[in-house]
């Protein structure tokens, strides 16, 4: 069995899907690993580092030609897809809703395509859950980034030259990314507020030292999978009032609210932003799905009334090493679930919820 | 009595020396405040904000012509200096050692120039101590900046997709900037080491949760003023060995070691950097005085063996609001010590150590 | 000024109650069971009464197995089980703690 | 089977020592002074002896100011000072604590 | 031996018993305490024998019976498994009760030897003391037997309650008092025997309505009863040793049971009055048939951990909710001062966000080198004395390894159950995120500490 | 009144005294305790008077003297300032001692009334008891007077030590024993008087070598002595009340002084043997003439703060060094649970780096709205009950306001000295960063808590 990976488009994607550390694990599980030459260099993983672990370094074509399993982040371009061999398996984070057609075309060539954003949120799948692992880092990085561009210091400092008061941070959406954002802002000394539609999140926010903005009469909008449903209009109105009031004193907003398969909810509207203090920052992690804030533009910095709005869609490119480490480990766990060690073959067992749901069909 | 301030060269200096908040304090102490139009706009302090507090907004020339006391950050250029009126007072952070001649020329025109980096380190002067207030913020910002560009996450995270181990940070020099750097790195979850030549700093580092690298047989190199002396060769050798060993596992180095009036000590040499892990960062706050690390270039980013070396001299431009707030408060305290409220005049009392030592003569 | 010995006994009784009250107030919970077991063993001091009952009229051969004495002997057996069993089992329990303590 | 009353008194004495021992073990430090002062007041129960001494041979007019009785009366004064002074001063100290407690 | 000397020796043995109880209240002195008890008992027996005087046949029998009893006792003491302690104590108790009854009977039948008058004309005071002693002894006897049966599992541990129970007890109580009254008046021995019989019945009735969980309190209470019985007989026999010891045992037993009630958060009154409270909610829940859990308090936990050589801390979401990390760190510091090795085991999905536990532990300044991830530490549980599971649940649930149907099947878990004892700090038996019951709660080596995680940890610090 | 009834009443008053002492050991029950004491005493006096019987002239005198003494006592009790408590207790003590001497003398002169035989032929046992009572009473008398003088400041508080002191004491002790022996043998009353005189001397000699700081321990010890004296006389008079109470006071006084020694970290032995230890370093340092500081322990601090309505915490560099922030937060939580209002006052240059305290308090999750800077909070000290200064020093030093020569002159300081009490937690009297002494340490409303800041704070939590 051969497992391989080729370079991503490094302009758009800095992460990689096999790290030297993980390649070692594949090899000790009995797989061969092929890596495209130079694919990790931008992260400080030289070809030599891979070689030392026992990988073979090959050209893109060889990798695609020979591998039974190909691990990627984004969907390779058509030219590369064509090189995939029959009965091979392609695994990655392919935005399968959006790319459905393209993927089905590949599948038709007897290539099984697994897209891991489809992973069911069951306990056993947690170690393969790329959404969690990446959202976690995104939440962390969003805070660090926004703090770095903020013109004031974050923590409270009572000094001989006067007092700097602690910055106030609002985290919109307390999912995986949101919680990590809360934790990070909190440990830097910020005063952290958060809002979410799922009732359980109140306790979770408080368990990290954050303050939860309680919308009166809130219903629980949690689906069985642990995701959020869309909120009712009444709820939205109440939430709006509360957030408007809160935002007047907030310095930094981190937006992470998402509803799977839908546009991100618009939570911070124009008027709210008007009332914010100049110099405040809105860091919108939901930008790729339209953003939680008005004015958010994907991958652009917008300034409105002195408020800086960043719509970030590729934040993990700013934390590529850690993100790759976790992503690669997620894929490894997924592959191990797929791979039949004894018979040295891939076992696409459709009884297995994990395999069944992630297979794009 | 009129107190005034003109715009700095905004290309080089983003801080300001009178904030709206402080201008209010001057006014309630019985002074008039003149501000050059537009001088705070880049920080979100509109002319209106000043006006509301009771300031007059004037042209550069009027400000310089009318003011009895002029507050600046850097030495104004010659053209502006010429506009200063006789018997007036100029206060700022003028690097008086370097600019001695220029300043004496002004002094000869019956203008008293006070340069606050000369402030004696006595308890009473703490509230005017611009070196402390600015170094404090610099230490904070250096950590935040370096964390923002670091390719990995800083804190330890044990997750379903594997463990991210905590980043290791070395802070060189545990003065004001160094201690704040330690505190900031520590609260983000990094493992923090530090080294200094002053013995007292061990306890101080530990009081912030940092680990002090104890150089065996260390002598105490503290002067009476609380600054460091140059170290002996033997000490330097031992320190070198210890740091070389430590650096092999360090991810981020923050350099803050300074010796007043001298070149900054070179503590991290070429060989040490060679042995560091690729992807590591050296953030050299001592760059303006030559830097603590080899390869440091002022205001440039150098990459050696994958190690990124940043020589930062204007870091406070990245935190201009907080820095201005503290700087302006320092100046206010200094002016209050100089200003004779009852007789509404400036009282240059050379008996007063603070006034005597800061007056450039 | 003769005082009835009963009064003295009453005093002794009441003072002993106080001692019993204070003496165990601060017991560690983990010692509840051993303490109970020791208290139990001690309460078989009733054997003193049993002995007196058993040996009552001793020397007078005929009365030696008087019905009253038999009750005394029975009481001796019961109390003796309790005394030996109680103290020994306490010893065992306490030895357990001791061992653990030494290990480290 | 007569027991000398002395033995009973001895028992009472010894048991009381135990009680004294246990009863103050857990005293709060801030109550040291009041406790001392109350103990002091209580120790003037010696007045019981003083009364007996003072009234000894009372009724017999001639003996009323026998030298022995005078010592008794003196002892009464001393002990009385102590009793009243001791209890009252304790009361005052404790009232202080009480007030503070209420304030909040 | 003169009666004075005898009294002095009895006093000495009384003092030794006091020292014995004192000793038993702290682990350091407990063994010495037991030793004092043994000496005290030896002295008491010895001087009694000497005081009776002539060493003829009876004396030989006495020795024989003493030895028979002693051997049986010793045998039981050595053979019994450590886990059967509570029922053993209950069993022993019944013997003391019966012995007291026998002594009372003996005195009743043969009052002359005890200077109580002659049969048919016994001193009233002695009669009262005697019948009180016999009655309390009899209650102790049957009560202890019921307690024994319940603990042993021979009888169901759930409270047995029937209508009119309390009235019946009341009636029986009144009967007892009247019988004693008649006995004194008429000196007819039938009354005496009836008193004993009814007391046997009362003993049974008093204990059956009490639930199995409250048995330790009951035993201690019965202990106290047996003390009072001994004291009563002590008055009859004018024996100082019996009076001192009886009072001592009586009051210390009562206090101990009170302390135990407090520790278990139960009303002393309810427990003692047996079943009075069985109708209120709290006791009801225990009367339902449930899987039994061992329920501990902070002192137990402190004791276990203080005496452990290594402890592994397993934090979970509950620690985060309670914000118990600082208290936890304090606790660990205390333990380390006691020479205990302490490490933290972090499950990859403990908490509700990746790295949740790490953030909190870092906040509390827990050194990184004490924090281990699952794979590093999982084997260490087998060698560890105590696993302190604080607000974690799913991540320790062994069902993940055994039941393919369970929603967490396949997740690696922390093998806390392999450690010698497991302490679970949580507020109730309710499940965690995955919503499934955790089998570990019901294990033999598990002690549940029901409380808010922070509160409990602080309490443990206090008793460390 | 029959002697039996009398004995029962004495027993009752004994029990009431037990309850009195018990009550005094916790603040909640202390007033009730005192009340029990009063009742007990009333009963004892009352029944004694009744027992003596006929109410003739002597009875009137008795009442008169009782009233005289009572009025004097009451007057003193009301007039005395609260700060003079320790010396007051010492003074009162001397009276008890003297009273015991008088009663002993009276018994010696007139043994018939007490059933001790006739003058010149008193029972040996009674003679021993009597002379022991008189001797201990005499020692208590003069000892208490010396203690009183030392505390009052009339006599220097420093230990008076001379060569051969211990030998002298030894010789006197042996003399006392021999005198008692001769007294018993010869019944010559000169010996009796000599015993009393020598005992007076011993009392003086025993106390003079003890330093002023140890006086509270001494008082408690003298208390204990007076108890034993009472018990001795109780045996003489065959009086149960005196025996019970004497033993009670005797042993509780001894224990109390032991506890106090432990609390002050002094060796019990050294204190009691007066000056034995005065040559070792520890006591030497106290014998040096120093500005006196009030030295407290965790329990005192806990008590003060628990009963305060508002507390302000002033952290400084020492808190950082000790890493006491988490413990501090715990302590504040406990206080808040007790209904105390707690805020933090941060001096702008507390610690060694700008914002030093903020970092640490944030780490310990102290809410920002409880943290105030100097200007916001400085006026609040005047209305606060306790300022808890933990590891801060320079930032509270009032010399900054008063002495232009001082290196910190002109720095604004936190006005902690305006609060009702100030607790300083630091390890010694050594100065802070600025290297200057802090006058506050020696103020009347300051209590120094010498310990590591974390350790002390944890101890305070324990006793809260």
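Order as written gives the chain letters A, B, C, D, E and F; numbering starts at 1 within each chain.
Assume a contact is a pair of C-beta atoms (placed from the backbone, for glycine too) under 8 Å apart; a residue touches a chain by one contact, two chains touch by 3 or more.
All values reported here derive from a predicted model rather than from experimental measurement.
If you take chain B and chain C together, the chains in touch with both are E, F. The set of chains in contact with chain C as well as chain E comprises D, F. Graph distance from chain B to chain F, where chains that touch are one step apart, equals 1. At the interface between chain E and chain F, two copies of one sequence, more than half of the residue numbers in use are shared by both copies. Taking the CA centroid of chain B as reference, the farthest chain centroid is that of C. Here A-E and C-F are compared, and the pair linked by more C-beta contacts is A-E.
The geometric centre of chain D is 18 Å away from that of chain F, both derived from CA atoms. If you average the Cα atoms of chain B and of chain E, the two centres end up 68 Å apart.
In whole angstrom, the spacing between the mean C-alpha positions of chain D and chain E is 41. Residue positions 3, 5, 8-9, 11-12, 14-16, 18-19, 23, 25-26 of chain D are each in touch with at least two other chains. Each of the following residues of chain E touches two or more other chains: 14, 18, 238, 240, 244, 323, 348-349, 354-355, 359, 362-363, 365.
Shared contact sites, meaning residues of chain B that touch two or more other chains, fall at 126-127, 132-133, 136, 155, 157, 159-162, 164, 187, 189, 209. Every pair of chains that touch is listed here: A-B, A-E, A-F, B-E, B-F, C-D, C-E, C-F, D-E, D-F, E-F.
Considering their complex, residues 5-6, 9, 12-14, 16-21, 23-59, 61, 64, 66-69, 71-98, 100-101, 103-104 of chain C touch chain E. Within the complex, the chain F residues that touch chain B are 317, 320-321, 323, 348-349, 351-356, 359-360, 362-363, 394, 400, 407-411, 434. Those residues of chain C lying in contact with chain D across their complex are 3, 5, 8-9, 11-12, 15-16, 18-19, 22-23, 25-26. The touching residues of chain E, when paired with chain F in their complex, are 323, 326-327, 329-330, 363-365, 458, 461-462.
By the touch criterion given at the top, residues 13-14, 17-18, 20-22, 24-27, 30-31, 33-34, 37-38, 40-41, 44-45, 48-49, 52, 54, 56-59, 61-62, 65-74, 76-78, 80, 82, 85-86, 88-89, 92-93, 95-96, 98-100, 102-103, 105-107, 109-110, 113-114, 125, 216, 219-220, 223, 226-227, 229-231, 233-235, 237-253, 255-256, 259-260, 263, 297, 299-300, 303-304, 307-309, 339-340 of chain F touch chain D in their complex.
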